[in-house]
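These are the structures, in structure tokens.
Below, subunit A partners subunit B and then partners subunit C, in two separate complexes.
== the complex of A and B ==
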């Protein structure tokens, strides 16, 4: 069953420096129980697209130009504030990169969890407290009962992220959006959080959107991957197909930028030259053209359409066949 | 490629006093670096990895005497660096430079690129104006900044370009050693690769020696000749880049390596991750015995009683574990 369907979503921001075209017409569908990884350069629109789903973009600067965001069939963009508040937290949970700024520093962890449980689920104070303690132990916090009385600053980074996860899953949501939830953490703590999310995803049959810079984390976690560049999904497909058989020059470059385990001493990284375009002055054609080894005249003239390359894998590149041929050679 | 020993560190300790109360009485120490020994050969890259708070930055800062060590010895080309003062100290210090993590915070946004790069040259005060201009142009070319950029301000640049400015500054006085402290951590993957390639090219051209501090072990493996793994102020293991990854001896190194996700869905599905429980203890009250004992899968009663020796288990492969 389709849980979430995004159609032709475009979001822009009015800023002093001009209009930032953060998301430029993206479409995809997410099945129930699916884990989607979203990767891409900083500024490529990953977070903005997530904030649009949650309706957490602040008008008037932020504007949804076009599109639909259907969650279980309902277009979230058409809901009023009250209806959206009921969806947010209750049916869709969100986990942010920086738990310290998303947790309220002046309230205890227990109070914040109980608030959510009472507001959305109408639990009594006593039941909410019991449930809050259960949630904390579910996310692997030892001495959960005592921990309810802790303030966020009294917890380590990893513990705070566990609390964020407890908050996000408190009301048994069907969709969880995690925006770089482990970027600020050490790898050993990241491994704890990834293991936790995997367990919860399986046990609760969660649908997950996981945004990350880390192609390693996504490789171990996602079933499907969206690769974003300059506000477009430039490539999308099953995780194995994206990593083993990338068709878009940007995806190829991204994977080539990583050190390989089997490389020999003195091997060079195949970095992508240049840097991403200014989002207030996007070029008329393919936004990757200035950095692309395959670029031709055609690329500067028009944005390539989404092309299905089979097995649920799609790409937006005029010359993806050349990319495949270049790899075969 | 790697020649004689440039840097030798013995029993380095850097403590930060913890003060309390009105009289600011000292009540203890944060043992940020607590007895580490290593050397770096000329032209070599030594990688230094570990969780945040393990003391990596403090090692780097102590090495440059940006932070005075509490105890231990540092030799630069055989000369006792901690005993130097005055002109001799300045001369040696110039040979040791640092590139910082945050290219946003470490450069004054109100200075032009040419002034930022010229600053170390002006402070040194040897070159004349024209010579400084020429040297700035040369440095910008060396790090891949376009010549037209010289009049622009640091805040107009992207993270990767700012990091190039930081590298140009570090190179200005022809150093022998550059400490790169998380120099690529805040950059995008594709830009990280550009900067790492640049650092490697510069090493080739100029014969530089690096202490490369990072928590991204796969990038550290790529750039380093040898790797030291830190935990709670101590080095747990030090060996060849490949030995650290393929034959890690210390339980902490094993856990750290297994925690790094690899960008390959098949390998990831097949791998077993050792998930370490809990957090690193505070360096203000490290556990007795082996500092890793509170999280170690193999800990025995002996581990919390006796500090393990720093042993050369096989040639060039050092570890601090009773059972390695």
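== the complex of A and C ==
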């Protein structure tokens, strides 16, 4: 069953420097129980598209220009504020990047958890407290009862992110959006958080959108991957196919930038030359053309269409066959 | 927490010593002569009378000796006698102080009632007409001196509310309604001036907090706009405002002189102004002591309130 279907979504921001075209017509569908990884560098539109799903973009600066976001068949963009509030936190939970600043510093963990339980599930104060303690144990926080009375600043970064996860899954949502949930954490803690979400996903049959710029994390977690660049999904496919057989020069570059353990010590780290385009003045053609080793005249003329390369793998590049040929050679 | 309070109170001792010593020295430096004020020009020109008066008041001794002697009496609870009126200083202060405290309290209530709601509204409706109205009001309120606002209010009150007395004072326990009616206008004057400042603090603080990540979290939980603003944003936004309110309450305690004179209220401000004109040293010294104590206590209370609102604040 399709959980989420996004069609031709475009989001822009009005800034003093001009209109930032953050998301430029993306489409994809997400099945129930699927884990989707969204990768891309900062400013690629991955977080913005997630905030658009939750409708947490703040008007009037941010505007959804076109598109549909169908969640279980309903277009979220057509819901009024009240109906949307019933979706947020209840049907779609969201985990944010920075657990330090994402919890309210002046309220206890218990208050912040009970608040959402009472709002959506109508629990009594007592039941909400019991339920909140169970949630904290579920996300691996010891002494859950006592921790309910803790303020966020009394917990470590990893513990706070566990609390954020508890908040997101509190009302048993069907979709969880995790927006770089491990970026702000230590590497050892990152692994624990990834393992926790993996376990919860399996146990609760959650559908997850995992946004990250860490290809390693995505590889171990996702079934499908969207690669985003300058507000476009430039490549999309099953995780194995994307990593083993990337068709877009940008994905190739991203994977090539990963440091490898079997490499000579002291060797240079590779990166993609150039910088992402100015999002206020996107070129008419492929936005990656200026940095692309395969670029030709054709690339500057127009954005290539989404091309299906088989096995649910699709790419937006005129030269994807050249990429495959270059790898074979 | 009680340790913290005791430490703050102990720290107050050197502050009060400094303030009283400075006052002591300054009033003796400014031109003007107590003997002339007490006895008239003719008597003051008589050297014998003059020496006798100065000796009786203890003013013939070196200043440092006078200060130490005065301190010794204060510690025993003796604030001395007025040079001009002869009565005990403490009686006059105890009569004036409650009046000033009542006015400060009412003014702060008024300022908060004006400043906080308008500040929140202005931040939440940023860029809309109500925001511009609130900002123009706060600009005028900050820019206009209190004697100007006060004079306008006296005239306005006298014309449009002829049954409501604008000037003078009646004790609260003698006539509660009459007391509040008379206190209303001076409090409003102060309330507008300080409310305008609180409005600006509240507005910028709320705007800052609304951009915080935890506000996005609150919205992601599906909370209503009302709850996001009043439960999650306001308490955080008010933390810096509390400190500002403390500072401005302290400022207000010192600023009562003008308002009390405009509205003919027999408070501490009027008392000290008259005493300065008459060079009535004991009254000036004792009043300044009380006022600086009041300012220090206000700041302490503000700091304690910040700790109540913000669990991250720890007393060291």
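Note that the second predicted complex is superposed on the first by the 322 of 329 C-alpha atoms of A that agree within 3 Å, B and C clash if a C-alpha of one lies under 4 Å from a C-alpha of the other, contacts with A are read in each partner's own complex, and residues count from 1 in each chain.
Criterion: a residue touches a chain if its C-beta (ideal position, glycine included) is under 8 Å from a C-beta of that chain, and two chains touch if they have at least 3 such contacts.
The shown structure was predicted, so the numbers you read here are calculated from the model rather than taken from an experiment.
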When subunit B and subunit C are modelled together on subunit A, clash or fit: fit
Subunit C versus subunit B, contacts on subunit A by residue: B
Partner chain in contact with A:296 - subunit B first, subunit C second, else both or neither: neither
First (subunit B), second (subunit C), both or neither touched by A:280: neither
Which superposed partner A:96 touches (first subunit B, second subunit C, both, neither): second
Subunit B versus subunit C - smallest C-alpha distance in the overlay, whole Å: 5
Of subunit C, residues touching subunit A in the complex: 212-214, 216-225, 231-232, 235-236, 239, 309-312
In the complex with subunit A, residue positions of subunit B that touch it: 51-52, 158, 160-161, 188-194, 196-197, 200, 215, 217-219, 221-222, 245, 255-256, 258-269, 271, 273, 275-277, 279
Subunit A - residues contacting subunit B, complex: 41-42, 156, 158-159, 186-192, 194-195, 213-220, 239-240, 243-244, 253-259, 261, 263, 267-273, 275
Contacting residues of subunit A [partner subunit C, same complex]: 54, 56, 81, 85-90, 93-94, 96, 98, 101-107, 115-116, 119-120, 151, 153, 164, 167
